[in-house]
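Here come two complexes built around chain A, the first alongside chain B, the second alongside chain C.
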Partner chain A sequence: MRACPAPAEDAGPRRARRRRAPRPHPFGLRTRLVLAFLLVAAVGCGTTAALTYRAARNAILEQTQNTAVSALRDQVDPLRIDLPVQTGTLRDALLSIARQGKPRPWRVYAEYGSLRVSSTDRPTSSVITPELRARALGRGTTPHSSFQRVVKDGTPYLTVAVPAVFRTHATQGTAQPTGLVFYAVMELDEEEANIEAMVAAARDGALPALAVALIPALLAARGVLRPVRELRRAARSMGRGRLDTRIHAKGSDELADLARTFNESAAELERSVAELRRAEARARRFAADVSHELRTPLAGMLAVTEVLDEDAGTLDSDTARAVRLISAETGRLAVLVEDLMEISRFDARAAELHSDEVDAADCVRKTLQNRHWTDPARVVADLSEGIRARLDPRRFDVVVANLVGNALRHGGAPVTVRVYAEGDTLVTEVADQGPGIHPDVLPHVFDRFYKADPARTRSAGSGLGLAITLENVRLHGGTVEAANRPGGGAVFTVRMPR
Partner chain B sequence: MPRVLLIEDDPSVREGVELGLRRRGHTVRTAPTGEAGLAALGEFRPDLVLLDLMLPGMNGVQVCHRVRETSQLPIIMLTARGDDFDVVIGLEAGADDYIVKPARTEVIEARIRAVLRRIEEPSGGRPGIEFHGELAIDRAGLTVAKAGERLALAPSEMKLLLHLSAAPEQVFSRQQLLEHVWEHSYHGDARLVDACVRRLRNKIEDVPGEPRYIQTLRGFGYRFGPL
Partner chain C sequence: MTRRAQAVAAALSGLAALSLAGCGIRDSDVVEAGAAATVAVAPPPEFRMLVYFLGPDGRPMPVSRDIARPFPASTALPVRNADGSLPYEGFGTGYEISPDTARRAGVVTDMALGVLLSGPSPAEAAAGLRTELPRTGGRPHVEEERTGAPDGGRLRLRAPFPVTGLTPRAVHQLVCTAAFAEDPAARSQVVVTGPDGALPPARCDGL
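Moving on, here comes the complex of A and B:
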């Protein structure tokens, strides 16, 4: 029967344990699921948009380029340019071509050697690159029509170069470059605007898609989080000792499996705890039964100890010693059994409090008188008069008597008993002048049958005195603690509501 | 020396207590059952009954009731502490005191003597009979009458009434009454007092629920009157 080595502080109210509010999770399941869904949706939308954009852009630009190149060539081919080139004629031709811009208006330039003629007031354009010129003049290769897209000052341009050729009769069908090259410069801002519009459309389509993706994300998160939350609630309920907590497990997914596993474990735990409780109850019941059964033979024996004591003097010395031993041990056995019965009643929660309103100082004084602890060299009483307290006088008597008896046995005289009120609390202090309690022993002084020194096989008392004291104080809703005084000696402090 | 009838079913307890009391000069008769005990009453004429509560057949409480039907013989119950419920029922049935087993003979004898002791006469020769309302209390003759009719009071009831009425309107705490009437320690079982007061009220009050003679002062105790 060595259970419950509870320190005295435990006796206080333990209701202070707060219920923790669910913490917000910055990267919880819900956030992660939503982010994942959004990421997938964004990647999907982005990829689709990018591919569409590229294909559409190429198609638009290609069409424009092809139209422009062939349009320019169509304009250039029928021209009859006489060499050497006459600036005036060429300019007229250019103006005429400039009006025929397809698919969009263009500006036309012609270059022949160092001659520069244009349809505008400037002789040449800065967007015609040397690269284009090189290709048009056919340096290294045959001159051919070509085009280039150039961005200048943020405006995209299409530049087209068409070299003028002539056919010799000798070389049938083979075009010979004349050295004259026509250039057309066309602004592509309309195409750019079309492409922009497509990008905008892709973006405008992606945003609602992302918003729509939020809905399945939140639904999925809820589907996961609801069982998780239920699990958490159930786990917390189990933690509070409600072992019959179960989760409603439905479905066939992993979470339902988890819930079922939880339920099985909870059932298993409940079963083992119930088994343990039954075993403990059996053990306590056994202790109570044993003490009860011991009591009847003891009642007979204790009644005759006086007879033994009186007649021991007339017996021979060995028999007399044996008889006195039996008598003395019978008395101790009776005390031990009585204390065991008392502890068993506490364990069975059958201990009742018969409260009465009493004068605390009177109560303590009577306890000391009844035990003949009236010698001021041994016990000093420092009692505040007139404190009325509602307590069970018999149990309070046991508390004070056990503490004073313990102080006299293990501490050193004089033992000081103080009683005073602290607000609504009745404080009883028992201090001794002994060596104090060893720090290793201090947490165990209220344990049952605790032996500070293992060599001492039996304590002077029943070994249950302080355990009974603790239980009695708890029954009153109070606390008792043991400590060493700075000046030496141990002090036990009992605090009970008045 | 008093004659004690011990009704106890356990042979070792019966023999031990008998032996202890006889050594101290008591005349002891024992009975193993309630029925045998009741049968021995008329012939043995004890001064006091020591009554185990747990008896085979007729139990201690029933024996207590049967004894009280015919006499105000002092009754002390033998009980195991913890059998709290039985103690209360036994006290309600009219037992004057109880002893927790196991007990030393000196404790048993002290209780026997306390129950049998006559309440000390107050100093100064007061007139034999006092009148309080309808109650007539004869301290010398130890009789109490209400409206001329004699009341049968158990020893503890008589002693309690004499103690309280000796100092009308003075409040006594339960602990004080335990010390003075039952000669228990100050920290005895206050239910003895409460049970005895209830029994006394049933006998002397007009309406036991609204007592005039034995009044309760909540948180302090009891007092006699004021009428």
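Moving on, here comes the complex of A and C:
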């Protein structure tokens, strides 16, 4: 399934420190996906519930209202009244109607002129509004039956008004209002209970629906997040240099496409890097081979030039100058080849550190003496005594010699060599009194064959001295830096762990 | 982005909660729901006359009065008894005058107007009925003008009191009482005249 680095458990402590812990995402993909799912579910549930609720509520109320109106009308229709109405007979009629409330028991009232008759002990009801009365009497128009819902003290009531009309003639008469209006008042508490039950059902149904929606939300989030997590792991592994990292790409969605693209890019990158590495190795091998091959003839040539040097005094002056030139250049060539071989060993990572516990001041002193840099006018040694350091004496010698030689060559005398300890660090400072290093050159002083002045094609050194110094210091796990002192002159500072 | 999504989510959930919880049964306006109930008014149309008084709120309210029967053989104007009822003058079987005949003769109309001018009875007054017509001793008389119009004729109502100062409700009382006494459909136009002049013709169709 994967070609990834080992999991964090078996990674070394150093790797574990480097690896960043995955940041928590308060609004990461998972949260957003789950929220989106829940939102859709909530909107769906809410809308459905609201629409169902409205339709059901209206249906319940409509049925109750229509039933009540037509029931009251049916009860009033067969009545036979006198005009003006007789209170006694009207009350009897009301009591009879009050027993037949539909769809629920009701209280009935009748109003005629200033007469108020009711089926209860109170002549009229406070629930009946003036608007309903006005509509029932139908000022200026034929009166109609009507109803109104009234909420009083939290209780919903249905009030129905049915005006009574009569025919002025059995066949050709018109309907004339009698002025008598029947009212019915019905409590809607049962309807309200039904409606509240519906609301509760909708609410109780919505919560489980949301909980159910959580499951596909989490599944979808996992389906998206797993490839993303894998991709992140693979990218991190690639960043650590494991170019053979691949992702198991399955499926045909966009994430699988992304994984395939990642795999292709990784393969391409791996191929390119391998190619580069091969080319680099070839180049290094070539440099090493060349210097090695040059070394043998050079050794012979050096031996010959020593003899020639000795005999130069006996030759005529032109020939003697030519012989000395050949001798000097051969020596330079030998140094260059040695340096090249040294650099090649570093590049091939074949350089080895042979550490030994030594006295740093002694080492530096020995280096200066071996090079005959003992003239205080040229080299001043300021050495703290008794600093024991664990280092490769041969490589430390190369470092100091290269730095001092470089200072003598490019800077100005006197060159000051200081050695002191800074805690666990051995600091070696080589300062000169020269013009310092140009700021443009400063970043490149440790580059191979870097020419500070392009016009000057020849220099006394091999052009590899500082590069070799840098490699040697690095091998010790230390640093070397070049800077200009405020008072003038360059200073190279080497810091190596003791 | 996430903040906007948050806001949208909050708004939507709030909306859902609102739509679920925020409504039970609400007040409503007055809603018309079908025709009125048609009751029977005693006595039957043939044996009654309608007299229009006013309710406590000024709305015209009809009361029905029995027409005593059988009618007197004479077509002369009946003389009312002291209690307002018509005298009974029975001539026996075969001599009845049908109420329609009496109606056509304008007898009933004059009678109804007489009742109207005498004002509400104690029972009617107890129910809050009143009149805006002056109480006078005289009786109005109704003549039918034959205009030949298809929608009923035109009645000329001669009142024994000045009519130009009457309120519209009072005129309506006169017009409706006369029109319904003449014709169960009250199609006639009524011209109310008095000693001080005549009012424009009117019909009994709502006030």
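The rule is short, and it goes like this: the second predicted complex is superposed on the first by the 409 of 498 C-alpha atoms of A that agree within 3 Å, B and C clash if a C-alpha of one lies under 4 Å from a C-alpha of the other, contacts with A are read in each partner's own complex, and residues count from 1 in each chain.
Keep in mind that, in the parts below, a contact is a pair of C-beta atoms (placed from the backbone, for glycine too) under 8 Å apart; a residue touches a chain by one contact, two chains touch by 3 or more.
Note that the structure is predicted; figures quoted are calculated from it, not measured.
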Which of chain B and chain C A:F396 touches, first, second, both or neither: first
Which of chain B and chain C A:R345 touches, first, second, both or neither: first
Chain A residues touched by each partner, larger count belonging to chain B or chain C: C
First (chain B), second (chain C), both or neither touched by A:E131: second
First (chain B), second (chain C), both or neither touched by A:P143: second
Touched partner set for A:F286, first chain B, second chain C, both or neither: neither
Chain B versus chain C as contact partner of A:C45, first or second or both or neither: second
Touched partner set for A:V151, first chain B, second chain C, both or neither: second
Contact set on chain B toward chain A in their complex: 10, 12-17, 19-20, 23, 80-82, 84, 101-106, 108, 173-175, 185-191, 219-220
Complex contact set, residues of chain A against chain C: 27, 32, 35, 39, 42-43, 45-47, 49-50, 53, 57, 61, 65-66, 69-70, 72-73, 76-85, 112-115, 129, 131-132, 135, 137, 139-151, 156, 160, 162-170, 172-180, 182, 188, 191-192, 195-196, 199, 202-203, 206
Chain A residues within the chain B interface of the complex: 292, 295-307, 310, 331, 334, 337-338, 341, 345, 350, 352, 354, 356-358, 362-363, 366-367, 370, 388, 390, 393-394, 396-397
Chain A contact footprint on chain C (complex, rising order): 2, 5, 8-9, 12-13, 15-17, 19-21, 23-42, 44-45, 50, 55-57, 59, 61-64, 123-124, 126-129, 180, 184-186, 206-207
